[in-house]
Amino acid sequence: MTKEPSKAPTSGKLTAASSEPVRFDITRKKFRIADYVAEKIIKGVAFLSITIIVLIFFFVFREAFPIFSISKEIKKSTTENVVQDVQETYGEVTDQPAKEENQETYGAVTDSSQVQEQYGVQTNDTASIEDASDKAYTVSAGSGFDDNQSAIKTLLTKDWVPVSDKPRYGILALIVGTFKITLISLLFAAPIAILAALYTAVFANRKMKEIIKPTIELLAGFPSVVIGFFALMVMATFLQEIFHYETRLNSFVGGIAMGIAAIPIIFTITEDALTAVPKSFYEASLAIGASKWQTAFFVILPAATPGIFAAILLGIGRVFGETMIALMATGNAAQMDLNPFTSVRTLAATIGAEMAEVVFGDTHYNVLFLIGSLLFIFTFIINAIAEFYVKGKLMKRIQGK
Amino acid sequence: MIVDKINTEDMFLYYSSKMALNNISIKIPEKKVTAFIGPSGCGKSTFLRSLNRMNDLIDGVKIEGKVIIDNINIYDKNIDVVTLRKKVGMVFQKSNPFAKSIYENVAYGPKINGIKDKSQLDEIVEMALKNAAIWDEVKDRLGDSALGLSGGQQQRLCIARTLAVNPEIVLMDEPASALDPLSTAKIEELIVQLKENYTIVIVTHNMQQAARISDNTAFFYLGELIEYDRTKKIFTNPDKKQTEDYITGRFG
Amino acid sequence: MIKSFRKNIKGIVIEGITLVSALLIIAIVIIMLTVIIIGGKDQLSWEFLTSFPTDGMTKGGIFPAIYGTALLVIIMSIAAVPFGTITAIYLTEYAKENSVIAKTIRFAVRTLAVIPSIIYGLFGLGFFIKFVGAHIDGAFFGGELKWGQPNLLWASLTMSLLTLPVVIVSVEEALKTVPQELRAASLALGATKWQTIRKVVIPGSISGIMTGTILAVSRGAGEVAPILFTGAAYYLATLPGLGDQFMVLGYHIYVLTTQSANVDQTLPIQFGTTCVLLLLTFILNMSAVILRYRIRKKKTN
């Protein structure tokens, strides 16, 4: 097998390389400080994106968390209160002020929340509670204890009345409104974007491509506040004149405007998916006598389904979290119905409209963060599905072929 | 007596799990031109690139055995690869000047070696360009972009860039394959001159070229070193039938 | 004969529908541009751009909003561009393509790109203001409220998180256009990895870094949701510093259209401001499109 090194070639003069001083010492790894530092910094910074995601998770949830901790505490306190009552009834009470307070509570027991409030004071000198929940408790206790208790209870109702004597935080209407508007905008944007992508990927000549693609990029660059302004000032009136509905700003107008914002995302990803379909598919289909449009619809479009699915998912994510258009063009009334021509209030718009006016640490504040957490989880999951499920599908298809 | 500059012993190279070089043992003499020939995909370029560890850049490459240069196995654990590549320079198949001026291209190597003195740099650049036989063509436009040069000039500039680091060994991976005959002739002439001072290892698929410029020739086939001898012998009276078949153009 | 003709008609109709969809998108863009430009062009004047609002924001210019927007995008770029570029360098130069770390980072970057901008606003409030700012106040100002409230710095940093993925994606694309042979040439000359990156790779992708910066600036100039409660202000009589709230174009539009007492009265200013913002982002995006087009062309050559 091995070729022995050949008989040394005999020509050539004698050289004395071995006696030369060593110019290149390769035997020892040199420590190069600039390279070392650069590599460490670059690797460190690269983790920033992951860190930010983790931090967003942590901090958005942290501000939403007090709602749950309070409800837990309420449960705990009620049971302990009972126990203490029993003690106080049967044994001699040593802690006089505590007893007094308790009696006071009993006297005016009309409002159950007051019991909690009294107990809260008591726990500070009798039982020890974890610092964290304690702090959260005292902070929110100061700003309206009524809210805390009712917050959780009202969360799954349809009344969103955060600023009133009896605030209610029913987010159902907001969720329904968000889904309604998402559906409307998708019904508008998805067909247009997908068909236009199909045109660009399959039918268009070079020149048309060079017009359409930059236009889409420019549309993607339109600030949503500009689209919102356009919807509010121009589109709303225009559409009302056509359809003759009652409220000028409603989920229909908002949905169309958000659809405009979602078109570039759906278009771009769909077009990528369509152009990624191997050329051989196309040629094979034409070769068996299918026409261009048949090939486009029955060969290329199906082959790109996972990509189109991803495009729609990310379009949903875009509309779902869109704030400015929702604030400006939907009417912002938290109504719960399925009529496309009534005003709605979306989750994101609620945060946008109310966060600037709430008291930090208030229940209202926490509920808004809770809504934010929902939005975040929703978009995170959507993105994860688009990423992993769709990629897996594509991989399977490629390997299957 | 001939000094062996490079000496590989029982060297194997794998891409992932696929064997690309099978048990290569060869002794390459100092200040000679050694040519590697063979059909494409035979492993000659891969082997060349393992002489200055450029294969390290490719994921999944594993090397067994020894590659000894000046009595040091360059695959030892403590080898400083950066210094090794200064000692063993390389010219690539496709000329690849940086998008900088002609001067900056040649001065790149000395500069990263810490030479800052302008007059010293000027001197090195001039020497390198002269050694690469391109000085007369570019001396009046050193500040122009290197990308404006012709293909042959670019390749000689790349040689000059390699020489400016003052290596001991210059590896050339089909340096003239993309050039016209006139440029090729210039490069060949240059290579013959360079062996005065440098050990040259050249990969070529052009057998006439190997016959014209090299002192020794190694024939590779399917990842194996089939035959290695003086060029004259390889081309006139090879020992192995495979070599003879290839030389006479029966395959490849 | 007739059959093939029918088939042909069907083909034309179907291709026509796709064409109409494409044209519809172009029409939407053109209509929006023209309506806003026509509506705002009478308002555009040197004075409008350089003077303060007067008469309870019903008259006067939008200078503070332009100033605030400029400061916002500058500070944002200072934070986002270096970090984005470095992350892109890691992904192309250091990480192995299929390593778990690289995949995770890429997933994180794409996630950052799809998180709704309002969530960034919440994060800015919860992290920068309520956590970092509040702790600075606690440590250096004895609890006095200085940095623990909305201001230009926190708004800009919030915005930089939002634009980070924009920078990363653009720069990564540009770094990939630097031919592998140039890296090999540099390394073969005995350059270290970092020397190669610094002297060959980065200079070769300057236009990509610029594209990323422009896109990020355009995005940052137009986004409003992240700064709704991290620093944007309704009206300010003075120009802001780092620790102040600030006026900004997008928020100005939002406030004028939805919060002002008499919307009709401010209509010209609304159109004018929207026109300014639209033209600003339009020009920025246009130059990014052109730059990117040139980079891609270079790649195919």
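Letters are used for the chains, namely A, B and C, taken in the order the chains are written, and counting of residues starts over at 1 for each.
One rule holds in what follows: a contact is a pair of C-beta atoms (placed from the backbone, for glycine too) under 8 Å apart; a residue touches a chain by one contact, two chains touch by 3 or more.
Computed from a predicted model, the values in this text were never measured in an experiment.
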- Geometric centre: closest chain by C-alpha means: C
- Query: Which chain maximises the distance between its CA centroid and that of subunit C?
  - Reply: B
- Chain centre separation (subunit A, subunit C; CA means) in Å: 18
- If you average the CA atoms of subunit B and of subunit C, how far apart do the two points sit, in angstrom? 48
- Mean-CA-position distance for subunit B and subunit A (Å): 55
- For subunit A, jot down the residues that touch at least 2 other chains. 32
- Item | Touching two or more other chains - residues of subunit C | 192, 195
- Message: Multi-chain contacts only, two chains or more: what residues does subunit B have there?
- Response: 82-83, 86
- Message: Please output the residues of subunit C touching subunit A within their complex, sorted ascending.
- Response: 7-8, 10-11, 14-15, 17-22, 24-26, 28-29, 32, 35-36, 39, 83, 86-87, 89-91, 93-95, 101, 104-105, 107-112, 114-123, 125-127, 130-131, 161, 164-165, 168, 192-195, 197-198, 215, 218-219, 221-225, 228-229, 250-251, 253-254, 257-258, 267, 270-271, 274, 277-278, 281-282, 284-286, 288-289, 293
- Item | Of all residues in subunit C, those that touch subunit B in their complex | 96-97, 179, 181-192, 195, 199-200, 203-204
- subunit B partner contacts - residues on subunit A that touch it in the complex: 1-12, 14-18, 22-30, 32
- Note on the structure: subunit B contacts subunit C in the complex at 52, 54, 57, 59, 82-83, 85-86, 89-90, 92, 94, 96-99, 108-109, 112-113, 158, 161-162, 165
- Residue set of subunit B touching subunit A in the complex reads 1-5, 7, 10, 22-23, 25-27, 29-32, 70, 72, 74, 76, 78-80, 82-84, 86-87, 166, 168, 215-216, 224-230
